[in-house]
Structure formats: structure tokens, C-alpha cells
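Each chain gets a letter, A, B, C, D and E, in the order it is written, and its residues are counted from 1.
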Amino acid sequence: MVNLEEIKKEAKNILEEGKVKYIIGYAKSSNALMAAPTFVKKPEDIDKLIWDPTCFQNLVKFLLDEKRKKAREKEPDIRPVGIFVKGCDSRAINVLLQEKFITREDVYIIGLSCEDLGVLDEKKIFKKLKGEEPEKIEFDQRKNIVISTKEKTIKIPLKEILAERCLECTSSFPVISDVFWGDRNNRSPKEPFKSLEQIESLSQEKKWDFWQQQLSKCIRCYACRSVCPMCYCDECVVDSINLAITADTTAEEKSQKIKWIEKSPESSENFGYHLVRAMHLAGRCIDCSECERVCPVDIPLRLLNKKLEKVAKELFDYKAGLDPEQPSLVSSFKDEDPEDFIR
Amino acid sequence: MEKILTKKSFPAWVKNLQSYTVYAPEKQENLWSYEVIQNPDKINLEYLNTVLAPKKITYPQREIFLQFNTSKEGKPQIKEVLPEEQPAVIFGVRPCDAKAITLTDKVFGEEPKDPYYWSRRNQTILVGLTCNPPPSPNCFCLSVGGSPHSKEGLDILMTDMGDKYHIDSLTKKGEKLIKAAENLFKPASPKDKKELEKIQRESEKKIKREIKDIKNIPDKLKDMFESPFWDEEAMSCIRCGICTYLCPTCYCFDITDELTSTLPLKGKRVRTWDTCQFPDFTMHSSGHNPRPDKASRLRQRILHKFQYHVENYQDYLCTGCGRCISLCPMGIDIIEILNKVRDYE
Amino acid sequence: MKKRTGVFVCHCGINIAGTVDVKNVAEELMKHSDVTHSEDYVYMCSDPGQKLIENSIKEHNLDSVVVACCSPNLHETTFRNCAKAGGINEFQCEIANIREQCSWVHKDKLKATEKAIKITRSTVEHVVKNKSLEPISIPVTRRGLVIGGGIAGIQAALDMANSGYEVILVEKSPSIGGHMIQLSETFPTLDCSQCILTPKMVDVSKHPKIKLLTYSEVQEITGYVGNFKAKILKKPTYVDPDKCTLCDKCVDVCPIVVPNEFDIGLTGRKAIYIPFPQAIPATYTLDIVNCPGLLPIACGKCIDVCEPGAIDYDMKPEIIEEEIGSIVLATGYDLYDKENMKEYGYGKYADVLDGLQFERLLSASGPTMGEVLRPSDHKVPKEVVFIQCVGSRDPELHCAYCSKICCMYTAKHAMLYKHHVPDGQAYIFYIDIRSGGKDYEEFVQRAKEEDGVVYLRGKVSKIFEENGKITVWGADTLAGKDIEINADMVVLATAMRPTKGAEEFAKKLKVSLDKDGFLSEAHPKLRPVESVTSGLFFAGAAQAPKDIPEAVAQASGAAAKAIIILSQDHLFHSPIVAEVSLNLCTGCGMCVDVCPYDALSLKDNKAEVNEVLCEGCGTCSATCLRAAIEVKNITPGQIYEMIDASVGG
Amino acid sequence: MNENIYIPKLAKIIKIKEEVSGLRPIKTFRTQFVEKNGFSHQCGQCAMLSVLGKGESMISISSSPLEKDFLQFSILKMGRVTSALHETEVGEIIGIRGPYGNNFPIENWKGKNLIFIGGGIGLAPIWSVLHTALKKKEDYGKLTLIYGARTSKDLVFKEELEKLNKKMNVHLSVDVEEKDWKEYVGFVPQNVTDKKPSPDNSISITCGPPIMIKFVIKALEELGFKDKQIYTTVENKMKCGIGKCGRCNIGKHYICKDGPVYSWAELKTLPQEY
Amino acid sequence: MAEEFEPKIIAFLCKWCSSAGSDLAGVSRMKYPPNVVPITVMCSGSVSPLYIFNAFQKGADGVLVSGCHPGDCHYIKGNFYARRRIALVKELIEYIGLEPQRFKMSWVSAAEGKKYTKIIQDFVQELKPLGPQKKLRREK
């Protein structure tokens, strides 16, 4: 069992000892159903910290900010940053380690097992509430969520409102950590790729209709890539945001930047963006499904990434984020990789 | 002109508006969005906040400015592309979103006027609906000078009165819409008006969130430009464009050229929404960026809305719709920020 | 800058013009904003055609050229030279293949012309973004390194040295000579192995250009072709060869006896020893593993008797660093480990020998002075069974490959045995006889016919010792009957394996190995002596099982290849290599993973290209998620425009 | 409806002069509208130049409004659009819209001494006002130019500068010592301090890299110039040119509309976001 | 009568095998439809998914990537990386509903002029009934 008081105690200790610069954790937000990231710098602030199924966010994203900040500072504080990680988040850390974007010394990993649960899916709850607004929530014995709205109080078994990815999660505990709470039971969901089945069973035309309808909604707010811990490029390949320009970048270089996609949120450009993003996450996506959660227009982005996760698993027996030493999916091969699709 | 329309007759009214493109909120899977209505019988006005404000119709995310065609010899051809003449009615506009349109009207209406904006705007009729109950738990229109039954910017304000709507026609455009099916409406009685007042009063009480003493905030902000406050507040920002793209008042844009052919060179110049939250928004081509970090960009968003715009147009560039709060992936809450600003020492 | 490109469309007689409206191609291309001049001509590759291009470059002040003609494989060099003659950089010339890929494969003139325009335009898009490049020049350290002092290494070292280049020859054991020096006679001529090898060994030791480092191991190779650096560990022999007079007194007094490697354990040697009489260098080695200790208290007998004071217990290992330009790897082979061959009683019964042991028995300088005697009782064996393919051609249990030399040496063994013991009987169990090679088949026939060796086609099922005899159960599949032979001796033709430790060594050198652990050549047919790493060559059995003539031939081949490098002041390398955009690179290392040439490495968290090693394949560029690496003159930006041109947009 | 402000007017490039070569090249383009139109600018204003297919870039107009035959722009090759402009040749047609922004209040400066202080490409916006003042020399007091660049090769308008010497005081400088350079060596602000222009009845107009402007202002203040006597132009990324696209603001000001010309007195009150 | 639909195909051919194979088809005067425009790249391993998506965006009706047979790569193992990468692209393209026939990969050696000819012939035949590829194509 994960005991919040113990975590706070550890958090307080490491802050007091100066072992970490600060701790990235979760606190309550103005939205009862969602925790917000919080950055605890002082031991006296640790009471802000919470840990429950509203802690959706993959905080690993903030390690990227930390890296950028450090790069700008002349004499950076090189102490690690403490960070709360769930199972999926820990795999993100592994991918970052694998890609040498961070080093193990940069982080002090406070590993929290989701055990047999996971995080909530707000949309599932809204469906259950049928339009009523939650005012207060509580968790009862880790079994149920008790939601009070203005009208009434209802109790919903957690299993019914867990995020889809949590139901398909195969390792709900951090695979890398400095301190750890909870159990390390491997889950083995019967159908880890069940959510894909519906689309996979469609005809080509129906598949296209589905994705066309979904992706044409995209407004290119780029929340999906902004929230993704794997999207750490200073400059996105498909959409040159020119961040990588420095004083010595020549005009020639700048003028030769390729515009793989246009800024217009047209179907072709939206597909261009999402397809390239999916490819770039192949073998890297750790299924935190933050992209899907944050999408304001509800594009089921997880289903894109999950598909390639499945392909990687089935064709190449590859799973992302389990081992920081393994080579990346696309920078390795096996002699026996399938080639029945090749003439 | 105040009228009463039974709910049953509502579709009939819409059917009479065939010369217009009619938009109304429609539920698509889990979210509400303004869509062109084919079947007026299916309009459902018991809707929550749409994700995108009706600005997506009056000020679409992409607008073609011009088309060009050049060849190696001879002079290039440039063809202006103004939006087609197509009068539109938007049903179910929330008063906050209507107010937002008045704010962008001012920006795009200032000389020199923006021809693309106005050729759409001039043809758009806004039919609002009193928010009773509020469409979002994060509504705070009352704090920024609006109300759930504000008429500002609307051509007609409808109020749900159970089995009927109270229809308040506010402009000539609005009158015209009613005239299209005059026989469906009957005049509002004094009793109706009394009931309306009650409904409107109650609707105000339902707004839960507020920013107290907002009047002091613009002045307060003036002294906070250099404050470390912004660093703290922006820590959890992930620099996505949700807050601004969904904001009914945000209007920043980009102009880019898109090619459709390279030989001969053909293409178009388009305007697309842009946002101060994207890192490259203000980046000079030299690489120098006056707003290099997310703190300075969050500051710009708040200052633009609650200081600069107030200085330039004597109004907040915010109508309290709450979208940026509800949809911020990281729970950044503009009300909390402003409350902190107010109390900042 | 906007380019001033010239487009030259070749008719190739009717080869192109018959199907493609070449005038139309030239006209259409003139519409391109970067094309300054465009024309067609009947034979561009002819002298007047080339002159035409040259003159146009000057006349129209062109800075780049596209020639729409045949495949670049045919005339790319021609036209690049022509562009150069016109005064522009050779990399500002690209070929649009409108013959092989267009006119020859289509009939419809309209469509073929349309396609030719697209191809040519695509090539224009390519060339307008080309950079002017100069071949990369690499200075060469004109000295070679040969690793392994067997016959292959000796041959390679001599060839290189005789061509006038300094060579360092590194051998890990105390003497050069390798396995060949252990052999008795060699097939098919039956000349004495030592007689033909020792002169070469002496040549090596005397050669002014060869620096011989025995009892030494290469620890590390860094650098790249023309500029390798080797770190060589020279182990101490504790004997100063200059002072040693070879009096042998130290050996006499040494109390320690261990199995003699040279005789594969058939004899013993002392802890201080000369590996064999003809060893080069001719000096003693004190085997520190077996010596009781380097303290006079522990033993010190040798130091006491050594009059010249050649023994020095304080000798330290030495690291020698050498700079070299090219390397020949000749690390040789070992026989299949006896641990793996228990079913044949090998290692269990004294009279079950492997091929090399039998060679020693046959050798005039061997433990029995050339007499064939059983190790167990020193009796002359009257019946000897030779078994081929022991461990070879057995994909399920052992090695899948054929060890190639066993058929021949087994025939030789049987033959020589018969020469020594004319009344003895030799049996050979074989699967089939592989005697491809000059005079090889005749040799085998001679064994059968003149020496009466009995060839039994079949496998051996069991070997066991009984009453001082070794009973061999087998089957004669030709006769279709079981066979039992009560032999006095059994000789196993065990499989050849890469030298022990070769795998580890290969890793150090970043040389790839094949599935069996042999060195993997760059191309099985066309580059059989080259490794993938430029400047590194293979010789001898380290690459695959081979016999002496083959090893020698390959060694000379490898030497020639190595000399090609050493013979130049500078090497020139194509400048079409990868380039990293440091702004974009995040140092994830995926490009490093995929580079087949080890041309990429991470330095200060950014990828770095070693231009000399890069072959420009571009796999790194497709792998990089950030488009931070691209190959010069075939960049994603160029492909982007080429796609445009190719779809006709 | 009024004229569509976003549609560029076609203009022919009639002259191109390479001012500076090398890695940071500068070219001066002289353009003429293909069709007559009402375009008329004032000193310090900018125009949006288009290369179709590449986009638009805001460039300050370096010719004097008194010059009616052409518009002149001096452009540093910097990004996508300016690179494309550098590739154009005489006779090619580009798009121009504008003019944008405010202007130097030269009418108010009549009778005053004008001190122009420029660095690198920053001379371009000054050039317009300088030439206007020169053409009406009688209206103004003493005219002085203090101008510098990294090296003598980076100085723009070299030939004109030589001729200018006869009409006004010209003080050139380069940042580092070089052979055959007879004038001042050092940064522009140092040259200002060195030349000690008098603040009496003077206006100084400065433009250059942000860091130079900062130190020039400091130098001027030390010499006794008041905030209102110091004018400069600022730069930010611009897209629309008419204060709508929302990116060039510093505080409530949009540079394309309320700028780019500011007196130090005004600029001081704005946030430092440029 | 409307003209028959002629699909536009982009073929990324590796320089050493597939491009040489297509040259051989030429030298042998084999005939295939002119719908394919080849773009020669150094190695199939250098074909980025971006190229493939971009070709479709720009209006290609079909895209072919062709390299050396496994083990024959001029660059030793580039085609092995390509094989894995292209497998992912192929799965993804199919999953979003683009007709799988529009994207192909082949191994064509320098000796396989015949095979190259056949691949193109078949590809064109397969694409014809599908009509123009509009799904990913940019609006003109």
C-alpha cells in the first residue's frame, strides 16, 4: 500500500537534507477530478502533496524544462530533482535515459505503484454524472470513488472509471526508482490491446472515415506534443518552430528549413503531423496517454500510438521503456524481422 | 422587441431561415461544437460550453488571403480571396462568447479595418441564450463585466422559460430573423417579463466563481512585470496553445504562404490562428526572442487580457467563459492567478 | 543563392530521342527559375557534346549542370569531369537518367516525354541544392600492422615489407610460425613444413623493415584508415635475448614440467623454455604462470646458472604505441575444443589423437622423432582409424560448416602413416571426400590406390577402449553394413574454430564476426579480404577454414590491399558524407547505433561524424527523429523538392 | 469597402547594390511600383515586403519620402524571406504593402542640430531621415553622423558616406583595429563619448543592435542629452503590420503601429520586451 | 470518354541494387508503364517516413521503396533498418485507412530487371481501380 504520510516524510527528509533541488509532485487543483503538478521547494510545503487516482499527469515532462533551465544557467545547481512517478511515467524516464537526454543523477525517483488501480478517466466520470458537476470527491478504501455533486452523492467502483490505459497496463509499478511505495505485482491483462480491436476490425474505408473525422477536429494547439515527455525536441521536425536557431545559424540554413507540414489545420496537414508524431513515438511511447487526455477536441490519440506499440510488440518483440540499455526500436533490428510484406 | 416562442415552434422558425447558413451547438461524441445544422428538429439548446467558441465561425482558424501565381518571366498574378457572401445565423451563442466577439470587433474594426473579418462578421447574426444554469463550473462572467443574460454583441437573446423561449430582439438583424416567421411569435406579456427577470436574477446566482476587486488588477499588474511571480505560476505550464486557441477573445494570428505547385509557382497566402504561448511567436529571425520562456509568455497572456487591452480599449480581454481553466491540462487557473495578483505584495 | 543551372538533354541517337521529345524536355526545363540555359544534342558524351557543355558553362556563366542522358553508372564521371573542365565543381553536376529508366522502357512518346521532364526536373531540384565539395583528403601513416604470426601473417608482413613499407608483426605466443610450424609434411607435395616455413621466419626476423613483437598482444586499435593507433602489450619474457647465449642451462635446472603446447601435450616442457628449436626469436621465455615465482627464495635456480645474466626477474610488461596506416588481421584458428568431443573419447583415451597431435607424431622433430608410436605404450600402432568431420558439418550438435582441409590432411595422415608403418592398416571414415584443388584429387587417389588406405563412407557411432585397443563402431553406408574395428589408434579430424579469444579481440577492433565466429568480410565475393572497416584486411584461417596455399594467397591479397593504402601520401574519400546540425542534435545516439561503419560517435552530448569512415548511406538521417543529421548533397531538403518535381506539382 | 490592407502591391526591383558580402550580407534594393498608387511614407516608417511563396518581412524604408521615384530598402540576409530577397535580380517583381508605423517627428526638429548615430544595418532607418534633412538642410542646424560597424567591410552605403563627408560631419568607426583604417577604432557608444556632440538644441537619432542602442543612450545621457532629445527605433517580429496579429507588442504598444520610432522618454516607460 | 486514370507513383530506389536493377530493365528493353518516377537514394535505409508521407501529401497515388535483398546491402545493414521502419509505416498507413496497396516495399537486386518490371506493372494495375489518392493529398 502506498502511504501518503510516508511519502511526505521521505519528501521532507530529502528536502531538508538538500538531497534534491525540489520535488515535482501532485497537489489539488481547482478541478476536483484532477490533481495539478506542484513543485515543492521547501520542507514546510510538503503538505500540499497528494497521491490518489486524480494524479494523471506524467510529471516527467517537467524534467525537460529543468534540463533547459540548467542549460541556460551559468552555474547550475546540479542536485537531482525529486519526482513522483507512476509505472508508465517511470518507463518515460527509462526512455529518456536510453536516449541520453537525462542522466540517472538528474533525478531522484519517488516511485509510486498504482497497484491494482490506476488513474481516473474524467470523461468516463462525466458520463456517469450525466452533466452534473462534481464538487467534492473522496476515495473509499481504494475501491470506490465517492462524488458529491450539488444534487447528490454517488459511489462508483473505481474499476469502472479507470483510464483505458490503466486497464491495459502490464506494469503498474515503476521499473526504476530511488524510493518505492506499493506492490510490484505484474498485471497481466488478458487483452492488452483491446482498445485497438474496434478500429482494426473496420474496413479500410471505415477506418479512414474514423480517422478523418477524428483528425479533422485537430486545431493544432499542440497540447499532445507539449505534454509528451518523449517530445523533447527543441524544434519539431514537422513544424519548425525555429527554437533551435542560434546566433550562428546562417540565413542559408534558416531559409532551407523544410516545411513538411503547413500551419493550416487542414486534413492533409493534420494527418501529416499526427502520422509523423506516431512514427516518432514508435518504440518510445510508454502509454501514459497524456496526449489523449489533454486533447481539447477529444482525438483518441492513444489509439495511434498504441497501434504502433502493438506492432512493435508483435513484430519485433519490443516494449518501450523497460530497459535504459536497450537500443531503440528503429535503431536496431533482428535478422528474423518479418518481411512478408516485402516483394 | 420582446416575444415569446414555444419550444415546439422553434424548429419551424429555423426552417424559415433557409437563406442563411444556420449554426447551432451539436454534441459530437463527448463534446459540444458549433456545426452547420441540416435538420432544425435536432437542435438541442440544452448544451454545455462548446470547446471552441463561435469565434471559429466569425474568425476561422484558417483564412485564405490571396492566391498567387508566378512564372519565370512576366509579372506575378495576385488574386484577393474574400470569403463568399453567405449570411449566417448562429444559435445558442453564450453571452460571454457574444461579448468576446464585440471585443474582437474592436480590434479588427480599428482602422485599417480587417476586410476578411468583416466580410464574415457583417453577415453573421448572433442569437444568444441566457445561461441558466451556467454551462461550465468555471464560469466567471460576472467578474469581468458580463452576465449570464448579457445582451452585448447579440442580435437576439433567447431565454429558456420551460416550454417556451423568451425572445429579445436587440438589433435590426435580429428583427429580420423574427420577421422571417413572424406568425410563430407572440408578444411577451408583463407576466412573461416578470418571470424573465426572475430567471435572469437566478442565473446570476448560479455563477460560482469570481475574481474579487478585479478593478484593482490592471494597476497591480503594471508593477508586476519584473516579478518572479510569473516564474512560479508558469512552472506547470507546458506551453501548449489550448488556453488561447479556445479563448473566445484571443485573436492573434500568423500569415504564411502555402505552395500548391512549385513549377509554375502557385500558392496562397493564409492567415491562421497563432498564440503567444508558442515559443516561436515572438522569435526574431535572428533567433533573439523577447519572450524566451514560458513565464514571460504566461505573463503576456495575463497582461494582454487584464492590462494592455484595458489600456487600449478600456475593457478586459476576457469574458469569463472558463474554457482556459476547464481545459488546461495542468490545472492552471486564471482566476487563481488573478486572485493571487490582487493579493500580491 | 539562386543557381544558374544548365540542362543538357542527350538524344543518344534514337535511344532517347526515339521515345522522348528531347526538345520539349529542354524547353520545359527552361521554365525553371534556376535554369539559365537548356539545350539538347545528339550525343552529349561525344567529344563535341562534352565540348558543348564546357562552352555553355563558360558562355552562360553556369554554376551547375544537369545532363539528362543514360544511367549515371555510365557517364556520371564523364560529365563531372566535363563540368570540372568547364570550371565548376564536379559535385555541381548530376545525371538525370532518361534512358534506362525512361526511354528504353516506354513506348508512348507523350508519356515518356512527360516522365523525362519530371526526372530531369527532379534532378535540377537535386543539383540546385548541391554544395560544392572537395574530396576528403586523409594523410596516411605509411606503416602497416600485421596481427598474427602464422603463415598468413608472415606472408602478409613479408609482402608489405618487401614493397618497402615498415611493418609491425605482432604475435601473442613466444615465437612466430603458427600452426604450420607444427606440421610434418604438407599436402599434396609432401614437402616438409618446417623446411619451407623456417626460411620465411628467418626472413621476418632479419628483415630491416619488419618490427617483430612476439609474446605481445594488441590491446586497442583507435583511429581510422591511414591513421590507426595501436596499443600493444609486450609481455615480459624475463630473458634478455641479447645477452642469452642459448646455453640451455636454465632449462636443465628448472624443476617445473608442464605440458608442451607445441606438441599439444604429447611432451612436457619446463617453465623456462624455447617453444621449439627453430623458434623465432630464438630465445627463452620464462612462463610466469607456471614458474614457482619470481623471487629468488621461491626458486631462482635459472637465475643462478645463467652466466651471461640474461635472466631478469624485474622485467615489466611494456605498452608499445604505434601509428599505422593499414592493418592485416591473421589471427588464425584453433582446433575444436576437446571438451566438446567427449563422445569420441578424445581427452579420455590416450590413443585418441587430434590431427595436430598426429602431425607431431609424424614430424621428424616431434616427440617420437618421426616414428608413429602410441602415446599410451609407445608401441607402433598396426591399425589406425581416421575419422573425418569431427565437429564439422554437424549443424545440430557442433559446427554447421565444412572445415575444408580435413579431407586432405586425413588422406595425408593415412598416407604418411602407411609410409612409416607399411604393414599397418589405415581406415578413414568420411561423409564424402572434398578434394577440390590443384593435384588434390590425385593425392587422395594415391592414398587409396598406392597406399591402400581403406575409405569407409559412414559415421562412427561409438568409440571405447577395451583390452588396450580402441574399438570403433561404425557403419559403411556404401556396403550397407556395420563395422567394428579394433584399432590401436584413432585420429580425429576435428573442426577448425576461430582462435580462442578472437571474439573478444574482434569486439575491441569493432570487426564484425559471422555466425560461426570467423571474421566477416565486407563482401563475400568481391571484397573477400576486406573488412567493413576501411583499412582493415583479413588473411588466413581467421576468416574461414583454409589450407596453406589459400592462406598464403589471401595473405598476399590482403598485403596488396594494405599496400594500396600505404602507397599513398593521402587517401581521398568521397565527400558525400553525413553532417550533423549541432543545434538540433540532442545526443540520443540512435545514429551511432545504426551506423554500419562506426563513423558516428557522441562527443559532448552531440553526434560527431568521422568523415573518413562515413560512406554516406544516410541510414542515420532516416533514423534521426530530429532531422539533425543529413548526408551532404542528398539531404531531406533535396528529396523534398525532388518529390515535388516527381509528382509534377 | 476600403482597399484590402493585406494585398501587396507589385513593385519592380530596378537596382540592387551589394553593400556587405560574407556571412551576414546586406543588399540595397531600389524598387518601383508596377502601377501607380497612393503609397506615401514618412521618415522612419516600414513596409512589408513579399516574396510570393516565401512570405513577408517587415523592412524599414531607407529612402527619403522626398524621393518620389522609388522606394529603397537595405536588407540584411537573415531568414527565409530576406534570403529569397537576396536571390532576386533586377527586373524581378516583389510585393510591397504599407507603409507602417509612426515616423520621426522631423517637423518638430526644425532649427535643431541633428545627430545621427547608427550601427551596422541600423543605418537604414536613419538614412531616410538623414537624407530628408539633407535635402532641406536650411531647415536644420548642424548635421552629424556617427556610424560604425564590426569591420570596414560591414559598413553600408560606403560610397555615399564618402560623398556625405562634404555636406555634414561624418564620424565612422570600426570595432577592431584594421589595416589602413584611419578613423575611430572602438564601439559606436565610445565614439559618441569621444566626439562629444553637444546636447544644446540637439536631437539625436540612433538605431542599431539593441545592445548598441542601450549604450549609446547611456553615453548621450552622460553628455547631458535629455530623454526627449533621444530618438530611436525598435524592432520586433511582425506579421500584419497593423497592430492586429498581436505579436510585436511591448506593453500596450504595437511596434508596427505605435512604433517603431520612440523617444527615450516614451520607451523608458514601456516594458523591456524587444 | 474520360481518360483512364493514370496513377502517379514515386519510387525510392537504392542506388546500388534497385536503381541498378531498373537500369538493367532498361538495358534489356523490358517495358513497363511510365507511371513511376524514380528517386535514387543511397540506401533504402535512408528513406525516412517523412519522405513517404510527403509524397502522399503532394499527391502521389502510390509509393514504392526498394532496396537490396537482406544481406546484400552495399552498406551492410541499411536495408535491415529500412525493413523495420517501413513495416511500421506500412502498419500505420493501413491502420488509418489508406489503401494498403498504395504503399509497397520490395527487394530488387541489380540483376532483377525482370522483377522490377513486374513490380511496376503490378503496382500500376493494382492502383488503377483505386483511383486518385485524395486522402492524404494536400488541397490544391
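Here is the rule we use: contacts are C-beta pairs under 8 Å (C-beta built on N, C-alpha and C of every residue); 3 or more make two chains touch, one makes a residue touch a chain.
Fair warning: this is a prediction, and the values are worked out from it, not measured in the lab.
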Label-sorted list of chains bordering both subunit C and subunit D is A, B
In terms of CA centroids, furthest away from subunit B sits chain C
A student comparing B-C to A-E should find more C-beta pairs in contact for A-E
For the pair subunit C and subunit E, the C-alpha centroid-to-centroid distance in angstrom is 36
Chain centres from averaged Cα atoms put subunit A and subunit B apart, in whole Å, by 31
Whole-angstrom distance, CA centroid of subunit D to CA centroid of subunit E, is 53
For the pair subunit A and subunit C, the C-alpha centroid-to-centroid distance in angstrom is 48
Residue ranges of subunit D touching at least 2 other chains are 78-80, 82, 86
The positions of subunit E in contact with two or more other chains are 49-50, 54, 77, 81, 85, 138-139
Going by residue number, subunit C touches two or more other chains at 594, 623, 627, 636, 640, 644, 649
Per the touch rule above, subunit A residues touching subunit D in the complex are 250-252, 254-255, 257
Residue positions on subunit C within touch of subunit B in the complex are 30-33, 121, 641, 644-645, 649
Subunit C partner, complex, touching residues on subunit A are 99-101, 232-235, 237, 244-246, 249, 253, 256, 258, 260, 280, 327-328, 330-332
Subunit E partner, complex, touching residues on subunit C are 71-73, 97, 99-102, 104-108, 111-112, 114-115, 118-119, 122, 522, 532, 576, 594, 596, 615-619, 621-623, 627, 631, 634, 636, 639-640, 642-644, 646-649
Interface with subunit C, subunit E side, in the complex: residues 6, 8, 10, 19-20, 22-27, 29-34, 37-43, 45-51, 54-55, 58-60, 74-78, 81-82, 85, 117
